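Look at the two complexes coming up: subunit A is in both, with subunit B in one and subunit C in the other.
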Partner chain A sequence: MIKELENILPTITDEKQKASLQKAITIGVPSMKQEEWKYTYYNKILQQGFTTTNLEGFKKLQGLKIEKEFIDANSISTNRIVFVNGIFHNELSTLINHPKINFWDSNNVTESNTKDFLIELNNALTTDGVFLEIGDNVVVDELIEIFYINQNCNQIINLKNNIKIGKNTQVKFAEYYINYDHSPAYNNIVTSIDVAESANVEFYKVQDGGNVLNITDNTFVQQAAKSICNVTTFSLTGGITRNVLQFDVNGERAESHMNGLYLLQNEEHVDNRTLVNHNVANCESFELYKGILGGKSTGVFNGKIVVAQAAQKTNAFQSNRNILLSNDANIYTKPQLEIFADDVKCSHGATTSQIEDSELFYLQARGIGKEVARGLLVFAFGEEIVEKIKNEALKDKLEKRIAELLKIEI
Partner chain B sequence: MQETQDEILEEVVNSEYKYGFITDIETDDAPIGLTEETVRFISAKKEEPEWMLEWRLKAFRDWQKMPEPSWANVHFPKVDFQNIIYYSAPKQKVELNSLDEVDPELLKTFEKLGISLDEQKRLSNVAIDVVFDSVSVKTTFQETLKEKGIIFCSMSDAIKEHPELVKKYIGSVVPKNDNFYAALNCAVFSDGSFCYIPKGVRCPMELSTYFRINSAGSGQFERTLLIADEGSYVSYLEGCTAPQRDENQLHAAVVELIALDNAEIKYSTVQNWYPGNAEGKGGIYNFVTKRGICKGNNSKISWTQVETGSAITWKYPSCILAGDNSIGEFYSVAVTNNYQQADTGTKMIHIGKNTKSRIVSKGISAGKSQNSYRGLVKVHRKAENARNFSQCDSLLMGDQCGAHTFPYLEVSNNSSKVEHEATTSKIGEDMLFYFQQRGIDEETAVAMIVNGFCKEVMDNLPMEFAVEARKLLEISLEGSVG
Partner chain C sequence: MLKVNNLHASIDNKEILKGFTLEINAGEIHAIMGPNGTGKSTLGNIIAGKEGYTITQGTVEFEGVNIFDLEPEDRARLGVFLAFQYPVEIPGVSNANFLKAAVNEIRKSKGEDPMPPNDFLKLMREKMALVEMNKDFISRSVNQGFSGGEKKRNEIFQMAMLNPKLAILDETDSGLDIDALRIVANGVNKLRTKDNAFLVITHYQRLLDYIIPDFVHVMYDGRIVKTGDKDLALELEEKGYDWVKELEIV
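Our next item is the complex of A and B:
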């Protein structure tokens, strides 16, 4: 991997990208010896034979055909932004026409100064991304959908999204990962969302790309005063999935919500890492991640709340609840608090358990078969996250999908 | 209100370390620094058999290859391991039969600490293996224990008199290359306590060691080995105070507990070493490896600790629950003030079936201190019906301090239940108001709230310790409200 990166280093012309690539090479591929990667074996993704090339090499890959009907079937909104193998697809996308909503033809490359291999790699080799700016006082009723479609691509797909939301604006996003032909794929995506004062943003991530789609996702949210932002992540199927979600709360009286549901039944590996930085006073954050682990799946949860000294009167709540359905499944959870202010209310909780026998018995006593009863209970467990979705169409879609995965009818 | 709070805080912050004094006794020191020669010197000094020396040397060689760990949430200048005296023993080493023969300087020290030996002997029914610097000077109640067949002696005596037991169990819970500080301890440990409770014996009294670090610049490397044979019970106390020193002193102890079938060990600690002054100067570095194994079925190990001292505490008393139906418990109160740093917690490793563990950790931070809880609950694939409950609460006093929690939960069995909860808060104004309304002044109110906060842990301490622990809490915190 590193060797490949070294090879393409001379072909990169942009100075910032070059610097990022150089940095990625210096940092090196994440290893399990690093605390942040303790439970996730990153090389397992690379071992599937993904390669990297520069942008020129990447463009040659294009020209594959995806029918419009395919998108129609998967979409529930008319606002669609579609990427096929990391490149924006004009014909499949329909963009909102509104004077205050601007999509830029992007080159999102910025100066990046992190110590994270994936973020630097993304910045160096980014092919495209959503570069969207929504002005002040706009209410976008309809969901904005973002599709990442993978089709027979053995390249690492690096997409970089940059979303700016104006004051008092309300908007909802949903992003989907789709593996069109079920060949191994790997997406490395970095999203940054800038939420201005009193804005209200909902962002739903649906990761359901089949068991050969690997995802490493880094999402950064910056919140200004009085804003509300909710990021909900659904991990339903996948190979190795790693979600890093970071909230920086920089304005007072802001509210942050982070929710997640991982429903794993095969050999999926999902690693959710969240970080909330409470930098100012009087803010609230709520976090609830729920996991259902069956088969030989592995779930990792690492939630961290940092309350800076200035952030007095912070309320931060975090909860991670897991159900283990099989003895071959593993859960590693680490809810973490780092608190430097004294006038705060912070709590976290984590549980790992299984379906209660008494609950199963209750349903069985009423003539419901054991398997269905189990499915119903698991569904109900996950529903707590699903019902937080503030878009009916998406909620229905996810409920149906989860019921299908659990082989029950609702 | 704010003003009185500040005053009280000031008062607490400025209260000097109560147990700070130095005893003048000639010591028989090892040369400064650590080489293979030092290890040989210590071993020779203690007239150890060949196998012990070999064991020490192996540990030393492992230690040389190990990097110093840096993962803990503590910051301190690097320890120069070549600038430490690894062995210092009081010169007078004649066998003693009665207390009269003990160096009067020593006796005075104990009196100042409130543990005058004969008083303890008569009043509290406690057998004390006093460790003064690194050599056990006097072991009391040996006779009574002998009747029951209990072996309670210093580590060096145990090596000479019960080599088969020592050989069998030493390093069996904490391997000599377990971690950096454990390896260091294995190589240079000077002395410590050894305890063996035979089958079916219920130890009639609380066994106790009183640690004291005395000689300037001498790291204290204690080693405790406690074996509870089938069906036995023992309660062991460990308590520490140390005189005021300017330079940092290193303490890297190792404690190993072994509980066989149906045995129960209760291990309680009150630690009040010199924490450094209000500017964070001086203080003890306390890097301890404590681990117990519930080897047999239905065995139980219970750790209780009250940590108020040390500049840096780095301590994770752990339980390996290997036997079926075994139980591990951890109760902790960690108090930090001024510039103290504590990174403490526990590990519960569930291996056997129907194993249970319970963790209750209370952290209190004041001043500019940092207090971390770091814990691991691991449920192995075969640990059917394992059950864990953890609770860690933090109380913050003042806006300069920090409280952190790093719980790791690793579960690989689907019939187990693991619960963890943690909260962080300060003493609420409403709580204080409630007390004051009823005519209780602020200072007493805070003391009562803190006592209530820690009650669950304090209740697990044996009587002898509970009193001292409460006093310690009051000294270090009373009245500091954020």
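Our next item is the complex of A and C:
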């Protein structure tokens, strides 16, 4: 991997990208020796044979045909932004036409100064992404859908989204991964969401691309005063999935929500890391991640709340609850609190349990077979997250999909 | 319909049932009374198929089938119903989805198609009226936040929806006020036919003012020690259970 990056380095012309690539090379690929990668073996993704190339090499991959009907069948909105193998696909996309909603058709490269291999790699080799700015006082009624379609692509796809939401504006996003031909694929995505004063943003991440789709996702949310932002992550199928979600709460009376549901039944590996930085006073954050782990799946949850000294009167709540369905499934969970202010209300907790025999028997005693009974109980466990979705069509879509995965009728 | 013969069962090496024998025919209502800890609920649980009991001796046949060979769901599909003494709360599963799954799983086991949604809703409304349930009940989670009376009414409602051949009511009357008791009893009486049967487990005679049993059995120390008609229940009410304990079983 590093050797390949060194080979590409001379072909990168942009100085900022070059710097990022150099940094990625210096940092090196993540290793399980690092605390934040303790349970996730990153090399297992690379071992599936992904390579890297520069933008020119990437563009040569394009030109594969995907019918519009395919997107229609997978979409629940008329606002669609579609990427195929990391490049924006104009014919499949339908963008809202409004003077206050601007999609920049420009390169999104910025100077990046992190110590994170994946973020630097992404910045160095970004192919495309959602570059969107919505002005003040706009209510976008319909869901904005973002599709990442992978089609016979053995390249690491580096998409970078940069979304700015204006004051008082309300908008909802949903992003989906589609692995069109079920060959191994890997998306390394970085998303930045800037939420201005009193804005309200919902962002739903639906990770259901089949068992050979790998994802590393870094999402950063910056919130101004009185804003509300909710990021909910659904991990349903996949190979190795790593989600890093960070909220920086920089304005008073802001409200942050982080929810997640991972429903893993085979050999999926899902690693969720969240961080909320409460930097100012009088804010609230709520976090609930629920996991259902069957088969030989692995779940990792690491949630951290940091309350700065200035962030008095912070209310921060975090919970991670898991159900293990099989002896071969694993969950590693670590909630963390770092509090430097003295007048705050914070709580955190993690539980891991199994399906209650008494509940199972109650359903069986009504004629419901054991497998269906188990499916209903698991569905119910996950429903607490699904029902938080504030878009009916998406909620229905996910409920149907989860029922399908659990082989039950609802 | 149900034949329990010389049933011995234990839990954690403690023998609870010690030679319990009972036969119930279609059209009959049997009541089992007795002090706490004599194995009344154990009997109901074993017939319904709850795990954790060890059967050391005896048989239970339902319509000629040895039920120990069957999973709980298969017993329910044959027509056995247990109204739980302590109904379980299931957050996140609505009453409607729960019963739809139950009704359709039972139909599937008989090779029938799922009930059309409109018919199902109609059936639900009809049976809800029987136990005087509010409309919002359909979308509420199973038993979650229900009062004691509501939970027991829900058991009777489920019984009405599934229309079993044999219904075992395990202390369905305990904790009920007089109105709820009337609703529960009324539900049972309306569902009674010549083809089904009821086994009513209770501490108190008062339920039997509303549900008139054909037989009353007194259970003590894991077996039936006396059988009579409804007047036996009155006698128990008057004299308490102490005299039962002094009976010598030979």
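One rule holds for everything that comes next: the second predicted complex is superposed on the first by the 410 of 410 C-alpha atoms of A that agree within 3 Å, B and C clash if a C-alpha of one lies under 4 Å from a C-alpha of the other, contacts with A are read in each partner's own complex, and residues count from 1 in each chain.
Please note the rule applied: a contact is a pair of C-beta atoms (placed from the backbone, for glycine too) under 8 Å apart; a residue touches a chain by one contact, two chains touch by 3 or more.
Here the structure is a predicted model, which means the values were calculated and not measured.
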| item | value |
| --- | --- |
| Partner chain in contact with A:410 - subunit B first, subunit C second, else both or neither | second |
| First (subunit B), second (subunit C), both or neither touched by A:12 | neither |
| Most subunit A residues touched (candidates subunit B, subunit C) | B |
| Contacts of A:327 with subunit B and subunit C, given as first, second, both or neither | first |
| Interfacial residue positions of subunit A with respect to subunit B in the complex | 35, 309, 312, 322, 324-327, 329-354 |
| Residues of subunit A defined as touching subunit C within the complex | 356-359, 361-370, 372-373, 376-377, 379-381, 383-384, 408-410 |
| Residues of subunit B touching subunit A in the complex | 71, 379, 381, 394, 396-426, 482 |
| Subunit A partner contacts - residues on subunit C that touch it in the complex | 48-51, 71-73, 75-77, 81-82, 84, 87-88, 90-93, 97-102, 104-106, 109, 114, 141, 158, 162 |
